[in-house]
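Across the two complexes that follow, chain A remains constant while its partner is chain B and subsequently chain C.
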Partner chain A sequence: MTDAKFLLFFFCAAIALAGAIGTIASKLPLRAAMSLLVTIIALAGLYLTLDAQLLAAIQVLVYAGAVVVLFVFVIMLIGPAPETSSAPGSVVWRMLSLVGIAMITATFAFSFVDVASTWVAPPAGFGTVRGVAGEMYTKALVPFEIVAMTLTTAIVGALAIARSKTASELAEMKRRRVAEDASAAAQPAE
Partner chain B sequence: MSDWLSIVPLLLVATSGLFIMLADAFSKEKAELALVTAVSLGTAGLVAVGLLASGSALPPLPEVLGSYLAVDELSLFFDFVICLGGALSALVAGGYLREHELERGELYVLIVLATFGAMVLARSTDLLTLFLGLETMSLSVYAMIAFRRTSARAVEGAMKYFLLGSFAAAILLFGGALLYAATGHTDFAGIGAKIGSGEVEPVLVLVGMLMVLAGLAFKVGAVPFHMWTPDAYEGAMTPVTGFMSVAVKAAAFAVFVRILVVALPGEEVASMTSGWPPVLIFLSVLSMVYGNVAAVAQKSVKRMLAYSSIAHAGYILLGLAAASVVGEPAISGVLFYLLAYTVSNILAFGSLVMIGSRGKEAVDYDDLAGVGRRHPYVALPFIIGVLSLMGFPPTAGFFGKYYVFNAAVQAGGGFVWLAVIGLLASAVGAYYYLRVVVVMLMKSPAEGQVVAVPMKSGYVASALAMSGAAVMVFGLLPSWALDLAISAAQKLIG
Partner chain C sequence: MELGLGAYLTFASVLFGIGAVGFLVRRNALVQLMSIELMLNSVNVVLVAANRFHPDNHAGQVFAFFVIAVAAAEAAVGLAILIALYRLNRNIETDRAHVLKH
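Take a look at the complex of A and B:
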């Protein structure tokens, strides 16, 4: 890795981490979405250090350009209200998960610190438009077709969950609401 | 044309999924989609078992398809198991959806697409197809759990499974990337050859291997990756729970077998000192003990079956670990176990569907009180299914357990103790399985309790008849299915 690449790597990695922390720590949904945008663009920079130019461009186009915009639309539609504070887990659990994260991070850091030089070098033309296209359209026919099925599955699944409710479902929801109201009304009497 | 012969089951399932989607969209009246689904999946399964039983050499795939899909007896065996599970679940779902007025065609499409994903997963010889198959299967299963949108439980179970499942998939992908970094290959054979040559960085291989195993252990619900299992199993509609417990599990174990045998052979990664056998043993013991003990404490029969499925994952992992020593007998034992487990579990979940009806589903032990005396014909399949899960002779489940534990004993050494732990854990299992039987036969429903009335459905009844017959046939005459399993295992090891 050349020095310039090295610098770029650390620069992008720091920004990506900061963005990721901002995404989960921010109370305002819109701010979280913007932090996510920062992470996504920084990731594109990381891809550049890995010789994956096409992937970097796609990352910016698809994720920064489309996915985050979609998130922002949704946030605007349902109103950018801050999330209601959910009850955090007990202190013990939070400490335990922090220790767990630290241990996994340490394992990785110590495992990989010496082995970077033995990583297999990418083949020539790796990550360029020509390289990716050649791989995708001449060799990877089967994965390409399976991706089509995966996307079909995702669409059918999204439809199954999100399509408008049927008459029987509306009736069930109404029944349920009536039952809940009845139990809520009965509660103070007890 | 004959080049394509060995993936005909896969192609049949893919096209029937698309056909059912169109049929649902363009038919005005509700077509008998459950029947169409069951018949197409059943046909694919029969083609697979026909190819397998004919014993003829399978032609290699056309060169244009590359080496992403396996052409071997193991994949045909799993095609059969997965399609069988899918077809029977579709029949059970046909009765369930109609009874509970949830009839929407998407569920059948999702069942077929999930079956397709599971078959791809079981057939994958490359990290790329592995991941795509896993995602196709998982996406449709997430949607199937959330299918009953009005139920808060279903949405909660789906959300938990979706979030944790995404993490597990990401971990698996990261592990795959490390294996690629270490070996420069994404195909299992290439990875295995490179590792066998010893010119790899062991740290990368081991960490990558652990992450891949963690991702797969999540899918089979092995302890400590089981947290999602009870909630997702309980939240999902019962036919979907049945599907998850058989097809998803079978596919994940198929890829387990293939990765361990093909991609991770050799001293460095498959020995007791530094490799996957101790990892599998760890997961196996935890799953056997925890699954069985936790199942005892459950009030809901569905949740009890969820914990019992964790325990079964433990038994199967024990067989896989033994495969590092004895090879073929352990793998064929695992294959037979998965087949037996598929029919027994569908029988148990299908009967649970049959016992309830609109307005009152049978979920808890209390709902089952006295069913055996009021409706013996509905109770009988449930009892057979539970006895088979328990491993009671002469059911299919007995021989499944027998072959797996036998392989562990053959492996010798510490594996004998593991078989003993497995047997003790199954003895705990006998308690809660028999408790259901006792509740059904001896107890009476409490005063004023709403009693579950069995539904009337030809679909569910035929699914129960078929799986019940299979449980008894594989129990009385296990040799036919075992021979298929043995030939598949032998061809894999070569």
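Take a look at the complex of A and C:
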């Protein structure tokens, strides 16, 4: 690891953690989405320190370009309503869950922090489009096709769920159809 | 100080912890979905770092690619469910989502 990578790691890691804390701490969903965007771009920089150039590009394209935009679209659809009051009696459970997660995280973090390692130099073409795609299309072709089908199914499912009618809309449709039938019956036959 | 594999694993576990805390503490379903994205991203960091540690193949990066694809599908379906929930309840707080409770 060179000094430049060392600096880039700490720079990106600090920005990513700050963005993650902003994501879960901000009251407005739009600010949370923007903090998520900061985290994702910082993670793309982190992939660059790991010689994963293709994944860094995919991270920016798919996450920053698609997923965060999807979040922002949904925030625009349903309005930026901040969180209202929480359910009564849940503060203790919430604190307990927070403490538990913090303990598990601290256990992992402090056990990993001493893992020293010597990095070996990557072979030529490591992390490039040719390298990753060659491996993906030779050794992981079936999972690749399954992921394609999963994405198609997800699109169809998302459309079907988001376009479904609510109970009041169904009742309104039925009421209108009954009214149309009644008016058609009232017309004199020609 | 030498920057080893442990630095990446520590960073990823802290990021996962932040995402898990966000999922458990927040009640806004949008922010909970964003917390899930944070956790999936931390797993990707571990996969890519481990792949860089054993650079004789690209298994970790291919796995991270599949995780990104599945996360995109999950975000699309999750946000569609959220919109359906909002049309039903005029509210996206998970404490008040009790359609399936009774």
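In this text, the second predicted complex is superposed on the first by the 134 of 190 C-alpha atoms of A that agree within 3 Å, B and C clash if a C-alpha of one lies under 4 Å from a C-alpha of the other, contacts with A are read in each partner's own complex, and residues count from 1 in each chain.
Note that contacts are C-beta pairs under 8 Å (C-beta built on N, C-alpha and C of every residue); 3 or more make two chains touch, one makes a residue touch a chain.
Bear in mind the structure is a predicted one, so any value in this text is a computation, not a measurement.
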item	value
Which superposed partner A:V147 touches (first chain B, second chain C, both, neither)	both
Contacts of A:E172 with chain B and chain C, given as first, second, both or neither	first
Dominant contact partner of chain A by residue count, chain C or chain B	C
Contacts of A:V60 with chain B and chain C, given as first, second, both or neither	neither
Partner chain in contact with A:I161 - chain B first, chain C second, else both or neither	both
Touching partner for A:S97 - first (chain B), second (chain C), both, neither	second
Touched partner set for A:F112, first chain B, second chain C, both or neither	both
First (chain B), second (chain C), both or neither touched by A:M34	neither
Touched partner set for A:I15, first chain B, second chain C, both or neither	neither
Residues of chain A contacting chain B in one complex and chain C in the other	108, 112, 114-115, 118-120, 139-140, 143, 147, 150, 153-154, 157-159, 161, 166
Residues of chain A touching chain C in the complex	1, 5-6, 9, 13, 16-17, 20-21, 23-24, 29, 32-33, 36, 39-40, 43, 46-47, 50-52, 54-55, 58-59, 62-63, 66-67, 70-71, 74-75, 77-78, 81, 83-84, 86-87, 90, 94, 97-98, 101-102, 104-105, 108-109, 112-123, 126-127, 131-132, 135-136, 139-140, 143, 147, 150-151, 153-155, 157-159, 161-162, 164, 166-167
Touch list for chain C against partner chain A, complex	2-11, 13-22, 24-28, 30-31, 33-35, 37-38, 41, 44-45, 48-49, 51-53, 55-59, 61-62, 64-66, 68-77, 79-84, 86-88, 92-93, 95
Interfacial residue positions of chain B with respect to chain A in the complex	14, 17-18, 21, 64-66, 68-69, 101-102, 104, 106-107, 109-110, 113-114, 116-117, 120, 126, 128-129, 132-133, 135-136, 139-140, 142-144, 146-147, 149-150, 180-184, 200-201, 203-204, 207
Chain A residues touching chain B - in the complex, by the definition given at the top	107-108, 111-112, 114-115, 118-120, 139-143, 146-147, 149-150, 152-154, 156-161, 163, 165-166, 168-169, 172-173, 176
